[in-house]
Structure formats: C-alpha cells, structure tokens
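Take a look at the structures listed below.
Both complexes below contain subunit A, partnered by subunit B and then by subunit C.
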Partner chain A sequence: MSFRERIYFPAILNGMRITFGHLFRRKTTVQYPEVTRQFSDIYRGKHVLKRDDQGRERCTSCGLCAVACPAEAITMVSAERKPGEEHLYREEKYAAVYEINMLRCVFCGDCEEACPKEAIFLTTELVKSEYQRDKFIYGKDQLVEPFDPAKRIDVSKRQTPAVLEFKKDKRYKHNV
Partner chain B sequence: MATQIIIKTILASFILLLSLVVAMYSTLIERKVAGWFQDRHGPNRTGPWGLLQPLADGVKLFFKEEFMPASADKFLYILGPSLTMFVALLTSAAIPWGPDLVINGVAYPMQVADVNIGILYVFAILSIGVYGIMIGGWASNNKYALLGAVRASSQMISYELAMSLSIITIVMMTGSLSMRDIVAQQQGFSWNIFYQPLGFLIFLICAFAETNRSPFDLPECETELVGGYHTEYSSMKLGFYLFSEYINMFISGAVMATLFLGGYHFPGLDKLGLSPNVFAFVSFMVLFAKITFFGFIFMWIRWTLPRFRYDQLMKLGWKSLIPLAILNVVITGVVILLNQ
Partner chain C sequence: MLKVTIDNISIEVEEGTTILNAARKIGGKVVPPAMCYYSKLKGSGGKCRTCLVKVAQSCTKDTRPMSKLVASCSTPVQDGMVVQNLTSPEVIEARKGIVEFLLLNHPLDCPVCDQAGECDLQDLSFGYGMEETATDDERREYPMTDIGENIKLHMNRCILCYRCVYAADQLTDKRLHGVLYRGDVSEISTFINQSVTNEFSGNIIDVCPVGALTDKTFRFKSRVWFLNPMNAHRECTRCSGKVAAWMFGNEIFRITGRKDQFGEVEEFICNECRFEKKDINDWVIDGPRHIKRQSVISANHYEETKKQSLIDPIEGKMHEQK
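Showing the complex of A and B:
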C-alpha cells in the first residue's frame, strides 16, 4: 500500500463524498399501497383462455401448449362437440377439462407462442396466493374469460405485428 | 441552598430526559439517514414521517419474550445491560450545557456538577462502560458473546489510550481539567479544533471506537459473531444495550463539541445583547446543533465505511493513533514552552 492508501483519509473522504451525493438523489422506492408500479404491457402473468367474437371458446384441445410447456403445468381432457353446442365451442373438438398448475408454471409464455388458435394468452393479472396447494390448480372456471363482451380480457397489446406476422407463416405446421 | 437543590434536580432530570429522548429519536434518524444514503425513504409508515417508530420499537421490545439462557449467571446477566445504561447516563453530569441561568438575580450554572476534574470524571465513567459489555458477554455463557465482549473490551482499552493522550493537549493548553474552564476559554471563535486539529481527529476516531460504531463495530460484527456481546439478550435488556449505544453517541458528541468545538459558544452570539436567560437558551441550542452535527457525522461514517478487520483495528490504534497522539503532546508542549 502506498502512503496515500495507508492513511485511509483520501479514500474515506471520497467515500463520504459519494454517500453524501446520494442524500439528495431521487428515491427509488415505490410507496406501494398508494402508488402501484406500472406493469409492462406484455407482462406474463395469469393465463386466460380466449373466446372468439361470438363468445365461443377458441381452444380445440390440440395439446400443443401442454407439449410446449417446459414445466409440464398444463393438462387437458378433450371432448367432442355435440349438436346444439355450436354456440359454445368454435370447432368440433374442445377441452372438457383444462387445468394449469400455477405452482409449476414458470410464466415463460411458450404456451401462448405454441397455440395455433390464439386461444391462450398470458395477462397482466397476478396469480393470487393461497393457503392450500391444490387451490393453485386453475380449471376452466378460472381460466376462460367471461362471456360478457364488456368483460373480455384485452390481449391486443400482446399481439404485436411481429407476433401476428409469425402466426401467418405457413412454414410452421401449427400455423396451418 | 434549597433552590440550588431544586434547580439542580430539575436540570438533572431534564438532561436525563433529554438523553433518553435524543437516544430514542436517534434510532429513527439513524434509519432515516441510512435510507437517504441508500436512495430510500426510511421508515415513514408509523405516524407522520415515521415519528412514532421509536415508540413502536419500544413497545415491541417490551413485549418480546424475556429469554435467559439456562446456564447464564443470573445476577451478572441482568447487571450487564443495567450497568451499561447507568454508565451511559452518568457521563452527562459533567458537561456544561450552557451559560448561567439568572433567576431572581442569582446565577445558576447549566451544569449538573461542576467537577474540577470534569474530564477525568468523564473518562473514568467511560472506562466503566467496558464492564457492562464484558459482564454481559461473560454472563451469557456463549462463545460468540464472550468473543464479542473480549473484542469490545480490548478495543475500548486500546483506543482509550489515544483518546486520553489527545485530551492531554487540551488540558495543557487550558491548564485546567474542568469542562467549564475549557469551554470558557473557547469564547468566541477560538475553538480548540483550530489549535489542535490532529488532536481532534484522533479524538474523533477514538470516539467511534469507544461507542462501538462502524467502522469499529467489531464487538457486534454479525458476519463473525452473530450478535456479539448481546447475542443472548432479548427484550428490553437488548433494548438497553442498543439504547445505550445511542446515548453514548449523544454524549460523545457533546464531549467533542465541548472540548473542541467551543461548547455552547458561537462567534458574535454574546455581542447580540440578549437577556441572560434567552442567551442561555440560544447557547444551549448552539451546543445542541453541534451535537446533532456530530450525530450526523457518526451516521454518515457508518453508512459509508465497511468494518475494519480486527488486526487493522489494533494496528491503527497502537501503531498509528498512539504515536501520533504522543507526537501531538510533544509538539504542544514545545509550542507552549516557546510562547512563555
């Protein structure tokens, strides 16, 4: 150590100068209950199963989301659409049971990317905390968006031009 | 005589109350300052600006479980924090808090006890403070606590030497051990810090070590010793230890202001022609401002510097500060001799 370093003082004074500068900086704290931090438009939170413009479920239970899921959080049971159910399901096959285990989910958004029917999307909503583990397995009652057009969940922010363009590319099988 | 006793009692209780309230709010200010240094707000939920935080902390400490290790020495275990607190509160007696108050034409000094060996008294009491920590650490019957206590006592003994040596120069210049005389001599702007900058620096560093404040807070070094000497303490006994640290901070600020920064003197204040009692009050506020300044320095340093390593601490104390302090004494002696 040089003499300058051994007497400590230059370093101490420099350090004190730096900390003093911080006294008057803008505080980084977000005062939570009064102020909520803004979410990104493409935040990946709780999933939603979309309906189409006529209120029919878009999901056809193809299982691509379950295959794409790295955490194996998605399970589903398919069923065939009966005559008279055309107003409920868009195509002949639909998901009778669709479950996502929110404890396993890593919110990567791969399901959304894999979906050929634009049925599943991640939203800015958060998964609420629970006391029991089994409450984290979300069924269709929690995932499918409401029928009422006014209460539909807006995912237009997630469907950026790049995403829409990608969905049109016929070189990928799931887009056909 | 009776009024004398009454005035002294009022003064003593006032200073006791003042030390306690200041210590209480130091904990809040410390956390606030820490927050500001780290670009945060600090506590601001309990009452406006977090002003009720110390009360909430106090209530919390009182309601915590009173835990005592089974193998602890019961008597010493309780004596430790009590002694620390007691000693921390004793020191303030010899500090002159302001010029004389005049009531019915009789002057009453704003000092609980004008001991003619004031400095010696302060240092004697400070040295007893080691016992509180040592006894507490020993009685806990825990190796972390014991190591923390050993560290604390050896650190305090080492730095007391340099501290006393830096004070000797002040005594040499003043020719008196009385705090009152020392303050009186710094009238106006002839503060001791301008004559003894080196002595002041040494005293400041030693004050950090004596109060176990960062960067010399090795006795309670969390990374190595869990909680140091108060590892086994909980509830208000722990509160006493933590509290006495802040009282010590306040008192050492007062001692430093008294010895080096002219006590309650401020240049030009005595020429304003204020009435004696107003003058006494303003002077007291001046002293208080100086103490606050030192308190801020203590916190500023704490949130800037990392902790010293133990060998660095000992090396700094014995190999740097003590020789420098002796050099300071010699230089002062020569200068005084030449001026005669």
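Showing the complex of A and C:
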C-alpha cells in the first residue's frame, strides 16, 4: 500500500461523498401502504382456482400442476363426483382437498402453465404475512374464487389473444 | 436361422419369428410400437396397425420391396429381409394417420383418467400424433359400466384392440365378456352386464393399453406419478405372487403385474393379490422398480445407477460406459 492508501483518509472522504450524494437523488422506495406500486397485468401473486361460466369448479384434480411445480408446493386429494353434484364440479373427478404451501411456492407460474383445464391462475393479489407457518398452507377455502359472478377474478388479461380467440370456439367441450 | 435387417441393424432369428419380435430382440428405438399385440396372448395382434413397417426387400431371392406397409406383429421374417421402421418417412406418416384414427372416438379425458402417465395411447400420440383432427363428426359416447365388482369400463376410451377378450379367453376358464356388434358401433360388453368374477379376470386391466379398463379399488385415489412402484411378493396359492406395489409412504395404493420394457406383464396375477391385499404387512417389499427416464413417473424419483464417474481416480483411464 502506498502512503496515501495507508492513511485511509481519502478513502473515507470518498465514501462520504457517495453516501451524501444519494441523499439528493430520486428515492427508489415508496411509502407503502399509502402509495402502492403499479402491478403488471400478469404479475404472479396469490393463486386462484377458477370456476366456469356456470359456477362449477374447473379443477379436475389431475395433478399436473403438482408434478410441474418445482417447489413441490401443491398437494391434492381427489374425489368422484356424485349424481346431483353436476352443478358444483365440471368433471367426473374433482379435488376434495387442494392445498398450496405459500412458503414453498416460488411464484414461477408453472402450475398455471401446466393446467389443462384453465383452473389455476396466479393473480395480482399478494400473499399476506402471517405469524404462524401453518397459516401459509392455503386450502380450497382461500383458493377457489367466490361463486358470486360479480366477485369472480378476471384472468383474461393473462391470456394471449390466441387463447382468447380459441375460447370462443364452442365446438370444443373445453370451452362450454 | 434367418437374417433380417431392421433400420440398418442386422440380427439372426429363428424361423417363424415376426418382424416385431425380431425388432424387440434388437431392442431400443427400432422396436415399432404395438397397441394390440401382446406376446403372452395367443392370437393377439393385427388389429390396430400401429406397428406398420416398410419392407424394403422381401428376401434374398426377391429384392423388390413389398407393395404396402405391413403389420410387423403378424408378418414373419424371411431370410435377407430388409425392414425400415423409423428410417422410413412413409412409416412415420402412416403412423400419424393411425394415431388420428385411434383418437377419432377417444374422449381425450386424460386429466380424469387413472391410466394417464402410463398409457400407451398417450405415448403414441405424443410421439407421432398431430394436434388437429380432420373430422368434424361427433365422438361416440357410452355410459360407464362396472365389469364385476372391481373393474370399471369406460367404453369411450376403448380402442378395440381385443387384448382383454383374448386375456379373458386364455386366462380364465369361462369368458364372460366380449365384443358386441361390429365396426364403428362395436363395444366391449359383459353381455347383459354379467359380472366378470373369475379369479384371474383382473389381468384385463393390465393388458388394456388405454384407460378403458381400470381398477375400481384405485379409482381416483392418486396419480401414478405421485406413487413409488416397488417390487413386492407374497406366498400365493393361485399365482406367483410377484407384483408391483404402487406405494405412497407406507401405504399401498394399488397392485399391478410387473410390466417389462415393452409394457407387457411378466406374470399374470390373481384377483386376491390385486384387489384385496392392500396392507403393507401382506407383502414382502423387494425394492424400487426401474422407471424409464422418459416417463412422467420418474419425476422426483431418484435411482441409484451403476454408472461410476467416467474417469478412474487411480488409473486415470476412462471407464467403459455402461
């Protein structure tokens, strides 16, 4: 080290200059919760399990989201639809239990990608903080969207124009 | 011995061997897929046409190619025969058409079906299929039926390969189900819904290449890729007692026969082993079964392999790769 380096003084001054310089820059933080940032339409937050137009649960408990999930966050137990439950579940089989461990989830959206039934989507909602770890295991009560058509969650912005176009074709069973 | 060349690989086989079995002797990618042929069932094959191959040279004396593609499961080899499977674009094209035909009436309800993940038709359509179909016609639909106490028949998914009919004919002393009607409207039936009660009848589940016949004791219990297939055995007075137990933790979800690399069971098992012994104490567990790397079942399953590090740490020489 040279003498200049050994006395440290210039280095300290230089550090101070950088620190004070930042005081007068534009702030990169916002005063949450008074101010919130704008989310992208396709932000990947908390999941929703969708219902179809008639209010039936779309998920058929196929397990593809669970096998696609890199964090192994999803578990489910399937059950067979009984006669008379056709207005509740779309398919012959449904998820009696469907759980996502939000602590494991990395919000990658692979589950959304894997789902053949357009049942699971990520939303712009955030997962709230909790005091207990087991509160982060979200069951169907927190994931399935409300039955009331007015309170449904719109996911059409997450879908490509090609998908939206395909969905208009009612010849496919998938779309009715 | 007859010499036959399949996809540029030559092998000598005995007289009377079919092209498909000769290809299976070579193994690997040259083996044509088979949806209806089952080596353990006499008379099976010749129905689905998935196994079509091109014969580029009939025999040593006649070097002309055969005029049409032939079903490899029912064509015996001749000396000097030259066969093309994957090396012939014509075969690939034809197989695409076959997949489209097999899927004409198929409901494509894989997300619901218990066979998903180990279904020959899924593999086939993934390998050769197209995303579109040329027809606009309605698919035929049948109600689900119970064949006996433990077997569910989804006729919608059936591809009419007749394997189950042969299995019931040859394994059980009295066949109670068969194919009714002909052509487009033919269906598997127990004739006035008589139940299949024979003690080997459960094997029709294993021979069914699709999810038309499924195990009711496993219905919607899990997906195959969440389970660990284990080799297990027990003393059984009726069958060999050698089975594959599909487990989750210490729980046995279902019992099937042990399937070999061509998807055929090694030994047929009895209904008691298959449907009634679901307790881990009924079985001696021998260890995990090998799962093909390409299979979805291999997700999150890890296997010990024999392959060591390629370079020997002491001698510094390359190991032979196994």
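Keep in mind that, in the parts below, the second predicted complex is superposed on the first by the 130 of 176 C-alpha atoms of A that agree within 3 Å, B and C clash if a C-alpha of one lies under 4 Å from a C-alpha of the other, contacts with A are read in each partner's own complex, and residues count from 1 in each chain.
The definition used in the following text is that a residue touches a chain if its C-beta (ideal position, glycine included) is under 8 Å from a C-beta of that chain, and two chains touch if they have at least 3 such contacts.
Everything numeric in this text was worked out from a predicted model, so none of it was measured.
Chemist: I'd like to know which partner A:41 touches here: subunit B for first, subunit C for second, both or neither.
Modeler: After superposing on A, A:41 lies clear of both subunit B and subunit C.
Chemist: Which partner does A:62 contact after superposing on A: first (subunit B), second (subunit C), both, neither?
Modeler: In the superposition, A:62 touches subunit C alone.
Chemist: Where does A:27 make contact in the superposed view: on subunit B (first), on subunit C (second), on both, or on neither?
Modeler: first
Chemist: For A:16, decide between first (touching subunit B), second (touching subunit C), both and neither.
Modeler: Touch status of A:16: first partner only.
Chemist: Classify the contacts of A:85 with the two partner chains as first (subunit B alone), second (subunit C alone), both, or neither.
Modeler: neither
Chemist: Could you tell me if A:125 is touching subunit B, subunit C, both of them or neither one (first, second, both, neither)?
Modeler: After superposition on chain A, A:125 lies in contact with neither partner.
Chemist: Using the touch definition from the top, say if A:154 reaches subunit B (first), subunit C (second), both or neither.
Modeler: A:154: touches no partner chain.
Chemist: Kindly list the residues of subunit A that each of subunit B and subunit C touches, one partner per complex.
Modeler: Shared contact residues on subunit A (touching subunit B in one complex, subunit C in the other): none at all.
Chemist: In the complex of these two chains, what residues of subunit B are touching subunit A?
Modeler: Answer in residue numbers: 36-41, 300-301, 303-305.
Chemist: Hey, which residues of subunit A end up touching subunit B in the complex?
Modeler: Within the complex, subunit A touches subunit B at residues 12, 15-16, 18-20, 22-23, 25-29, 31.
Chemist: Which of the residues in subunit A come into contact with subunit C in the complex?
Modeler: Subunit A reaches subunit C through residues 60-64, 66-67, 72, 78-80, 91-93, 116-117.
Chemist: Which stretch or stretches of subunit C touch subunit A in the complex?
Modeler: On the subunit C side, the touching residues are 109-112, 116, 219-223, 225-226, 296, 299-300.
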